[in-house]
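Chain nomenclature is as follows: A, B and C, assigned in order of appearance, with residue numbering initiated at 1 for each chain independently.
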Amino acid sequence: MAAEITYEQLNKLNAAYGSCIDDDRLEAWPEFFQDACLYKITTADNYRQGLAAGLVYADTKGMLRDRVTALREANVYERQWYRHLIGSPVIVECGQEGVRAETAFLVTRIMRGGKTDLFATGKYIDRIVVDSEGRIRLAERVVVCDSGTVDTLLAIPL
Amino acid sequence: MAAEITYEQLNKLNAAYGSCIDDDRLEAWPEFFQDACLYKITTADNYRQGLAAGLVYADTKGMLRDRVTALREANVYERQWYRHLIGSPVIVECGQEGVRAETAFLVTRIMRGGKTDLFATGKYIDRIVVDSEGRIRLAERVVVCDSGTVDTLLAIPL
Amino acid sequence: MAAEITYEQLNKLNAAYGSCIDDDRLEAWPEFFQDACLYKITTADNYRQGLAAGLVYADTKGMLRDRVTALREANVYERQWYRHLIGSPVIVECGQEGVRAETAFLVTRIMRGGKTDLFATGKYIDRIVVDSEGRIRLAERVVVCDSGTVDTLLAIPL
């Protein structure tokens, strides 16, 4: 199954993923995942120490949808925009369970007044699969943030 | 026609485009465009509101060349350098009129003293075509800057 | 020989290179190079003026290994992490001596306390070859930093 996934498809998936968030089409964001999935945001320190505790955790597409709903309802804060720059993937493994890949990312945040800052850098640790309808989906995306001080309380997905 | 444009060609086009500007080979920059083209720099706010007004507007290759000439003549300011990091494109449409794609970018600015800052982030909204000589060209590049406070008065092309 | 190197392989090489450094697997970093190689860090100013003087210079894989050893032993400073974002390559030449390519990069630095800053931007000027065992290797990587004030005394490889 994994043999069907090309490097170009991985790049297109990541580009579409970033664009979806940056264009504020958050309702479409869960569709990048399988129904049974793992989405987790953690820090590099936690990840290196093997700590399970993450900043965000979801293991079904429904939980991802709930997160988007919560974000929309909590939208009482100053409006912010994001911009994802995503590197080329490193393919770590390619087998029956899909493609395991790691990919560097950088996200900037644009405040209402126009001020732009470096919001987060890190890497995606992914497992990508082909679903029963032939579409490329994330079975797992663990977002490992380099810094331990990322403000993800109010944040959009990374 | 558009069927001839591969994903790899889009990536190579963007890489060459960024390199051309960052190496200060501005006289070669208009050659990335068709003769009849659209090049526009606008802000995300304007773009979302459907406002036509942009920071920069050109619709022929001649206007792009004029812009470069003006930049060269106005070169009385402190010398600055730029660095483009350009993501992988999201292909939005692929048809008779070419490929429509959207691509994230980030540009840093390096001042004479060495200070580097985040100059602009945003996305390119492009229409890419194959010209009569078989070369890949930009028919349209709308540069949508995330921040409304980008200083483009003195700036090189984005 | 060079004809065997695809664009995808160049992107994968760069992704693996950045990941190797960012994951602190520095002992594996020299393996991206041929035995007889050129690795140099210089500034854009020096490069434009044709000055040979660089911040770092190595022309064998052994020197690269020595550099890693020295970094490990000098590790009395505050621990820092890095994140490479690497663009798509511009292929400049493709011939008997391999592929010559130029590629934009951006590196952020994450301090122990979590503070993240823009550490360096620039371009790689590379010559990539296929070694006798069919592996893609760097014969030359000249790292041209845009700013002249990059702190490379203590730094990991770029």
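Throughout what follows, contacts are C-beta pairs under 8 Å (C-beta built on N, C-alpha and C of every residue); 3 or more make two chains touch, one makes a residue touch a chain.
A quick note: this is a predicted structure, and the numbers were derived from the prediction, not measured.
Engineer: What kind of graph do the touching chains make: line, ring, star, complete, other?
Structural biologist: Per interface graph, the chains form a complete graph.
Engineer: Could you check if the interface between copies subunit B and subunit C is built from the same residues on both sides, meaning over half shared, or from different ones?
Structural biologist: different
Engineer: From the C-alpha centre of subunit B to that of subunit C, how far is it in Å?
Structural biologist: 27
Engineer: Touching two or more other chains, which residues of subunit B qualify?
Structural biologist: 8, 85, 88, 106, 118
Engineer: Can you tell me which positions in subunit A touch subunit B when the two form their complex?
Structural biologist: For this pair, the touching residues of subunit A are 8, 11-12, 14-16, 18-19, 22, 81, 83-86, 88, 106, 108, 110, 113-118.
Engineer: Show which residues of subunit C lie in contact with subunit B when the two form their complex.
Structural biologist: On the subunit C side, the touching residues are 7-8, 44, 85, 87-91, 102-106, 118, 120-123, 146-149.
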